[in-house]
Amino acid sequence: MQNVQQPQKRKLSDEIIAEDEDYQRDPEHPRNLIPEICRLLYSQEAMTGSGGAISMRRNDKIYVAPSGVQKERLQPEDMFVINDDGDTLKLPLNGKICRMSQCTPLFLTIYRLRGSECVIHSHSKRAVLATIISSGNEFRISDLQMIKGIYKRTENRNYRFGEEVVIPIIENTPTDPELQENLVKAMENYPDTCCVLIRRHGLYIWGTTWQQAKLMYECYEYLFDIAIQLKQLGMN
Amino acid sequence: MQNVQQPQKRKLSDEIIAEDEDYQRDPEHPRNLIPEICRLLYSQEAMTGSGGAISMRRNDKIYVAPSGVQKERLQPEDMFVINDDGDTLKLPLNGKICRMSQCTPLFLTIYRLRGSECVIHSHSKRAVLATIISSGNEFRISDLQMIKGIYKRTENRNYRFGEEVVIPIIENTPTDPELQENLVKAMENYPDTCCVLIRRHGLYIWGTTWQQAKLMYECYEYLFDIAIQLKQLGMN
Amino acid sequence: MQNVQQPQKRKLSDEIIAEDEDYQRDPEHPRNLIPEICRLLYSQEAMTGSGGAISMRRNDKIYVAPSGVQKERLQPEDMFVINDDGDTLKLPLNGKICRMSQCTPLFLTIYRLRGSECVIHSHSKRAVLATIISSGNEFRISDLQMIKGIYKRTENRNYRFGEEVVIPIIENTPTDPELQENLVKAMENYPDTCCVLIRRHGLYIWGTTWQQAKLMYECYEYLFDIAIQLKQLGMN
Amino acid sequence: MQNVQQPQKRKLSDEIIAEDEDYQRDPEHPRNLIPEICRLLYSQEAMTGSGGAISMRRNDKIYVAPSGVQKERLQPEDMFVINDDGDTLKLPLNGKICRMSQCTPLFLTIYRLRGSECVIHSHSKRAVLATIISSGNEFRISDLQMIKGIYKRTENRNYRFGEEVVIPIIENTPTDPELQENLVKAMENYPDTCCVLIRRHGLYIWGTTWQQAKLMYECYEYLFDIAIQLKQLGMN
């Protein structure tokens, strides 16, 4: 990770300062949307205990939430701004001492492999339970209208009612580099998926736009919840 | 569907502009109520992932929410205004590019068959689970005080405690025209019902007023929830 | 029920008008508290579908919510004011056409028998499930710290951890006069209780103050929820 | 407990008045944070029925919520201020008649043994159920990413994914002095833990900062919830 004191970086940083001031006028600026969606997910008990994070891209800049903080209290000024190589372009504006989300390398990997504009990582209990009730390395579901909200990438369209959504489950690992390797493999082996589940950990979901990422997050959560409740009812 | 550029339509559209401006003074105008109730249902996890929609009628105009959008972010200006034939009288006021809810033909069918003023379509998980725990083509429930909140149409009164509420379940179909056909049949075969369930999809509920539709929506959801929990408890 | 046009009543009504204007300065006036607590219970899914109602007494006046309306939308002006005999002292201030809560005779009975200042009636799903998992005519629970929040009337103190809370369950009836008879019997047979459950219907809870009624409502709901979850887990 | 009328105490009290006025400018003052977090826990049904309390320390002063009140209605002025010996430095500023939380001796014990700055006591249903599904005197959980949010005290670091979190469960007792004795023993026997569960009662959680206490509270709740749901699903 390079230092922002390099001349070239400082120039870029100056441009960004101007652009970043827009967030006070633009409610859909990543600096505003990330805290807003974090609060929403917190209220759904999917971003408590500092677990999870959201990242968004706007042009050449990638916004990342800080690590280890109360996600429902994030402010627009708390974001890190980095580039595709992970270089820090801008630290939190408020001078708070904090680290960038530890998921940052995985966010960058997803941006690189899929050209997304938004990645959501959560420790959602439904996602975790979905990985535990699925004995193999896949969560499979079909015959629910809600799968029509999921994007089928290789065919550039959403799933149809009669089709099956297959989500890869990767094993959790003690360290992030290993996890990243597993994530890449899963994304390569499942070119259709917009979601990777991590066993007993959570999920990563991405979308071409932040709206698509958020809507699909809600659809996936819905599908996990139905699967869990059907299991509790002893049905399919 | 006809084009709004026709002279006759433009005249009607002018009248509507005047009437529509009322929504800024009238909190119970459909332009205000639809977003408000969508937000409420979203907060109950019954309108996430862009699934579901609400339509209301006021005199000759029918208001319909757009399709594929985040329902908790709807604004009064986002509504489509159509007539009983489905002709577009007014596009969203904000110039946003979006489609009318895909449920529109089903909304129109319900308005035509039942003379309602409000139709709620949701992908409620409770409704979906209710269709899965019901093996046949009906969801039946009785012996709960809450059924007194449900309207029994052929007798023009609400259900009594000792009576049974029967809700038809139609099979989900890949395309909407087929679904509409099934919906019409169910409404004809069950003249008492104010609700049709769609297997593994959700429900349609309608009422003479928006208040009745919303109150009955809550009663039906309550009944589904009790039925699901009793099933989990191994009881009836 | 007598008419407010009688001279004596009009005098009382005049006094009340003066007193009632206080509600705009007093956030704990029944006209403010009833809508506030109704909204709270609605948000907990315990007052949806127009089911349930709250009544409070202040000196000689009893405030009662209207019937059949959306409880989360109640306004201070929507209340009926009656006396101990059920005579209407004041209709809703806004001229809305509506009926007084159908539970009013039961509210009056509880005020008469127990000298309470607040009665809460809800169709809470937890209360309904508690009556279904209890085969006999009592819901019994013990060995939970939360029972220390329940008032034991004959001993003028709250329950202790080692004691058992016993709540009578009365059968639901098609009409209210019968229900009232059952309620009176249960209150006589269970002089300690501040709650009566109605099978497959809901509950009535009362308290010496509105704070006590609300706090006990929350404690009872907590106890029902634990009992239901333990049953789901196959434990006690 | 000594009286605030002693000269020495009055001097301290004067200093505190000055310092306490800061709370109107400082949103993270204990007088503001305690009500805010109580409201949050109430909304999660973990602080209803007046059960539970929060205490925070700032320098030499310890802030404690009052007992037996509606925790979601607490105001900054409602707090008691005491010192490490439990002497009252300041009564609620609003002159309301109320008692200090009955948990105060346990709060003081935890401050003394662990040097924390915040203690949360709740009657959380998940905590209570966790103590019931655990037959022995420990709640054990592992193999969940969320345990990385829990602090392992003797090693001055957070738990790792492969490790097991062990939380002692003490039996509930009719009176507080006995409970305190059990709490001290559990804290001595489990030097790593930041949480003690009380059978059929609830939990105490503490942290070096209020942020750590709150974040760990959320992590523990998450772990309890997963354990309960896995038990319902018949899985581990």
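Just so it is clear, A, B, C and D label the chains in written order, and each chain counts residues from 1 on its own.
Keep in mind that, in the parts below, a contact is a pair of C-beta atoms (placed from the backbone, for glycine too) under 8 Å apart; a residue touches a chain by one contact, two chains touch by 3 or more.
These figures come from a predicted structure and were not determined experimentally.
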### Task
Go through the assembly and pull out the chains touching chain B as well as chain C.
none
### Query
What chain lies farthest away from chain C once each centre is taken as the mean of the Cα atoms?
A
## Note on the structure
Taking shared numbers over all numbers used, above half giving same and below half different, the chain A and chain B interface sides are different
### Message
Counting only Cα atoms for the centres, state how far chain A is from chain C in Å.
### Response
46
### Message
For chain C versus chain D, what separation do you get between their C-alpha means, in angstrom?
### Response
32
### Task
Measure off the straight-line distance from the CA centroid of chain B to the CA centroid of chain D, and report it in whole Å.
46
### In chain D, residues with contacts to at least two other chains
232
### Message
Going by the touch rule set out above, what shape does the chain contact graph take here: line, ring, star, complete or other?
### Response
ring
### Query
Which chains are in touch, pair by pair?
A-B, A-D, B-C, C-D
### Summary
Seen from chain A, its contact residues with chain D in the complex are 45, 48-51, 69-70, 123, 125, 128-129, 132-133, 172-174, 198, 200-202, 228, 231-232
### Task
Under the touch definition given earlier, write down the residues of chain C that touch chain D in their complex.
44, 143-146, 149, 160-162, 211, 214-216, 218-219, 221-222, 225-226, 229-230, 232-233, 235
